[in-house]
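All chains are identified by letter, namely A, B, C and D, in their written order; residue positions are counted from 1 within each chain.
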Amino acid sequence: MGVVPALPVAVPLLLAAALVGLSPLIGRRQADTLALAGAVAVTALCAALLVDTAGGPVVYWFGGWTPRDGIALGVAFTVDPVGAGLATLAGVLATAALVYSWRIFEAVGTLYHALMLVFLAAIVGFCLSGDLFNMFVFYELLSVAAYALAGWRTEDPGSLRGALNFAMTNSVGGFLVLAGIALLYGRTGALNLAQLGQSLAGRPADRLVVVAFLLLMVGFFVKAAVVPFHFWLADAYALAPIPVGVLFAGVVSELGLYAFARVYWTVFSGPLPGGGSLRAVLLLGAVATALVGGVMCVLQRHLARMLAYATVSHVGLTLAGIALLRPDGLGGAVLYLVADGLVKGALFVSIGLVQHHLHEVDELALRGRGRHLPWTAALVVAGALGLAGVPPFGTFRGKALMEEAATAAGYPWLAVVFVAVAALTSAALLRAAGRVFFGAGGGTARPPPDDVPHPRVHPTLVGPAVVLLAAALAVGLEPGLVGRVEVAVERFTDQSGYAATVLQGTTGPDVAATPGGHPPSSLVLPAALAALSALLGLALALGALLPGRLPAGGLTWALRRAWDPTAAVLRALHSGNIGDSVTWLVVGMAGFGTLLALMVR
Amino acid sequence: MSLLPYLVAAWLFLVGLYGIVTSRNLVHAITCLSVVQSSTYILLLAVGFERGGTAPIFLDVPVGTKAVDPVVGALTLTDIVVGATVSALLLALAVQVYKHHGTLDPERFRGEQD
Amino acid sequence: MTPAVRRLVFLAAATVAGALLLWGLTGLPPYGVYPGPYGDVLNQVAVAERKATNVVAAVTFDYRGVDTMGEEYILFAAVIGVAVLLRAQRGEVERQPDEDAADRRAPATSNAVRVLGLALLGPVVLFGVYVVTHGHLSPGGGFQGGVVLATGALLVYLSGEYVTLRRVRPVFLLDLAESAGAGGYVAVGLLGVAAGAAFLENVLPLGQPGALLSAGTIPLINLAVGVEVAGGLVLLLSEFLQQTLVLRRPGEVT
Amino acid sequence: MIVLEAAVFLLVAAGGTAVVLTRNPLNQAIVASFYGLILGIMFLVFQAPDVALSQITVGAVALPLMIVLALAKVRALGGGKGGEQ
């Protein structure tokens, strides 16, 4: 008998209610302790589920309503290693965030702790659920908690505007998901993913299925911040409190991708098999996201904003792996997503350290002021290498798998995009590190306020970053992981096996694990590409810091000519205006929809 | 008639978005968002409606009487709570934004990006 | 984008998106035809299985009870969120409305309204309690009844003004109500686990359909929801009221 | 009966449009309250009295009230011009 899958949701929710209800009796230290204990418990429960599900999904029917004659009467959590893994990642990040906020966070009684626990419970529920409407409920729950957390710093108007745009755009995304659910329900009379998949399978997609797919896809892509649904993200993520940013950048965007993958494979893979045209449509969105995010990342001087756009860009990379619509691509994406989330979490904490010590997060104003922070410098540089996908970070193995899948699927050029994007995002961080910690390049080097003492480095502040980076390394070094991921995605992508497990209670077909992963194809090429990304990133960073040393050749000139107008246009488009975000959402919906409609006809 | 509620839902969805996009006042935009949301209520209830069915409450009518789908009712109830709570959060954000900027017009926040 | 450009871009995109939506919607069965099977099955079996005559309530609190648990926490999180977002900022002072007389009559209340409000209070509260406790039998339930109860608190405001409301609104008790309701829902769920059944499994005696004490945990959950919604909604409204009537920045117009 | 239903649907469509086109937020809150009421009536047509009761208490009362309270704060801050455009 394994863990009851309801517990990692129920425990934090109950704890959150207790924290608020008994707030007059709970001091700051107790609140910190209770919330941290809750997050650790959730992490442990999710990790136990991860172990439990290695042999096949665990189906848990709330209220004991097991299906009758293939009809689901209740709501099920269908836990598989992918969902449980993502939930564990959320638990780890939440634990890190709560450790970080232990000493320094303005928590407003117990409200911060309660909101973080609700947020975590919602993420876990979203990852474990096997019911489309139940996913929507957890989507909204995590969103409501996220809106409040994003606007936490009410003294900062930028943060409030960011939260408003976040809430408005994501609410519209949520309604799109709900409309998609209504369409599917009108056709099938079902809400359980397995049952939905079963009743749609066997017939080619018609207009209702295509539009329902479009609505769900756009809704989840809004959460994931796929271009052009990403305009809300930067202000919301960058101006949120640091511990909240750890969760936002580490796992929340990825949840949109997860949901897309889950719903595609359980519900739509029958009527919409992964043919070339669907792949092309998705890859278009993926590549656009990766590149727009990468370029915007380089253009930032606000350190947290830089990370926010790195998130957008890496969502694009991950989506590229998923968009191949093959198990191997998905496997790479899953590995990449987890490792990348850990690295970004560590980087967010590092920026928190900079802010904590120097009271500033503007790259130019910080020039040379971080010279006395060698640990923070090391963390940022290591994080930048993690973003670049340098071995032995887990991002390397994820990307290697995605590159291999792309080549096998006939898209070898995706490797070029991967290299370019990794180079761009790591360049931005290396440039910032060079300027802040080594005093390189130009900058206005705003003098630090005199009366602010330099606080001591405290283990609760540095610890989370170190641990998260170590975890990202562990994902890259753990030898059996690739093999387990391959088994998990094999099951994840098997629509009929999933349906049989959920509705008939049979264990799916046995997927044999190749020990240690599939025959280790040569890692020489991926390693060379990773080295190339890192070197390119370093070169770009140095070029930006030392513009005078650039060779004055035609290439430099040509690059400038291409770069400057692109940058100007992109900057102008990212206005942070709510109306603009919503307009782009509709434009994206019309664009993707037209492509999908043409595809089916 | 067999399409009318669906048409109404699609219309409300788009007209609400139009309101948000063209809004010059955040509170106005927030109310428009609730119009967008109302389209999902209509869509849900319309797909679960059965002509000639009673409400799925078997207090005065026996079980077995033709009734409309109870599930969409439950879903819409949740949806209504979601709508009201998101609106409350948005209104709170709008009030705070006003304290900083002295305006609710999103166009006038322009150039204030930091 | 400038407003004019944005409007044009939106209208163009919305035309396409609208056409796509309609195209997809025509794939639905005609209005008035329900394809089943989910709702039909539940309409057949729910009364016999749950002894609840209101099948919507059986779905909301039993068959799909975990959705509703999420929904209650959405409200819970929103109430906390609003309290966080509307907390006093630096430079704002909390001023007791008693301090100056003009302020106290923020919404001018005539005696007639006052009397009417108080006279309505009893029936409203009674109605709210009725709606909460009969949710498993007839339309209504914890959510609707909770909103009605919160309206009762609003009547106190209309008739006696906010100062009185502050008196009848001990924040601690409201917080307690709201979180006891939300936590109570989870606790009912854990009751099932404790009894060796599934989370949120209806393990209490079901009774006879139509009786007030029937349907097992459903009325219990309704009660929890009613307490939470009433407490939460009063908190929510009073956060906004507090903004309007109590928090002031120097120089703010009343 | 069908004519009546159709009339309710059209009324809802018109009501939603009116909410969007009422640009003054205070007036809009009142229009939205009516719209919430019409929606509640439509839910009765859909044979969903539970939902209708929620919609009327939330959509026609609680939500417009919150909007009015938020606007009252804005007016207090801005000396009355906040409610206008």
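By our rule, a contact is a pair of C-beta atoms (placed from the backbone, for glycine too) under 8 Å apart; a residue touches a chain by one contact, two chains touch by 3 or more.
Since the structure is predicted, the reported quantities are computational estimates derived from the model, not experimental observations.
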Between B-D and A-C, the pair with more C-beta contacts: A-C
Mean-CA-position distance for chain C and chain A (Å): 32
Distance from the mean Cα position of chain D to that of chain A, given in whole angstrom: 37
Cα-centroid distance, chain B relative to chain D, in whole angstrom: 10
Centre-to-centre distance between chain B and chain A (centres being mean Cα positions), rounded to whole Å: 28
Chain D: positions in contact with at least two other chains: 48-51, 54, 58, 62, 66, 70, 73, 77-78
Overlap residues in chain B, where contacts from two or more other chains coincide: 1, 4-5, 9, 13, 17-18, 21-22, 24, 30, 39, 46-49, 53, 55-57, 67-69, 71-73, 75, 77-78, 81-82, 85-86, 88-89, 91-96, 99, 107
Numbers and ranges of chain A residues touching at least 2 other chains: 133, 137, 140, 144, 147-148, 151, 154, 183, 185-186, 189, 191, 575, 577, 579, 582-583, 586
Pairs of chains, among all present, that meet the touch criterion: A-B, A-C, B-C, B-D, C-D
Residues of chain B touching chain A in the complex: 9, 13, 17, 20-23, 26, 29-30, 33, 36-37, 39-40, 43-44, 47-48, 69, 71-72, 75, 78-79, 82, 85-86, 89-90, 93-94, 96-97, 100-101, 106-107, 109-110, 112-114
Chain A residues within the chain B interface of the complex: 133, 137, 140, 143-144, 147-148, 151, 154, 157-158, 160-161, 163-164, 167-168, 171-172, 174-175, 178-179, 181-183, 185-186, 189, 191, 302, 575-579, 582-583, 586
Of all residues in chain D, those that touch chain C in their complex: 48-54, 57-58, 61-62, 65-66, 69-70, 72-73, 75-80
Partner chain B, residues of chain D touching it in the complex: 2, 5-6, 9-10, 12-13, 16-17, 19-21, 23-25, 28-29, 32, 35, 39, 42-43, 46-51, 54-55, 58-59, 62-63, 66-67, 70-71, 73-74, 77-78, 82, 85
Complex interface listing, chain B residues touching chain C: 1-7, 9-10, 13-14, 17-18, 21-22, 24, 46-51, 53, 55-59, 63-64, 67-75, 77-78, 81-82, 85-86, 88-89, 91-93, 95-96, 99, 107
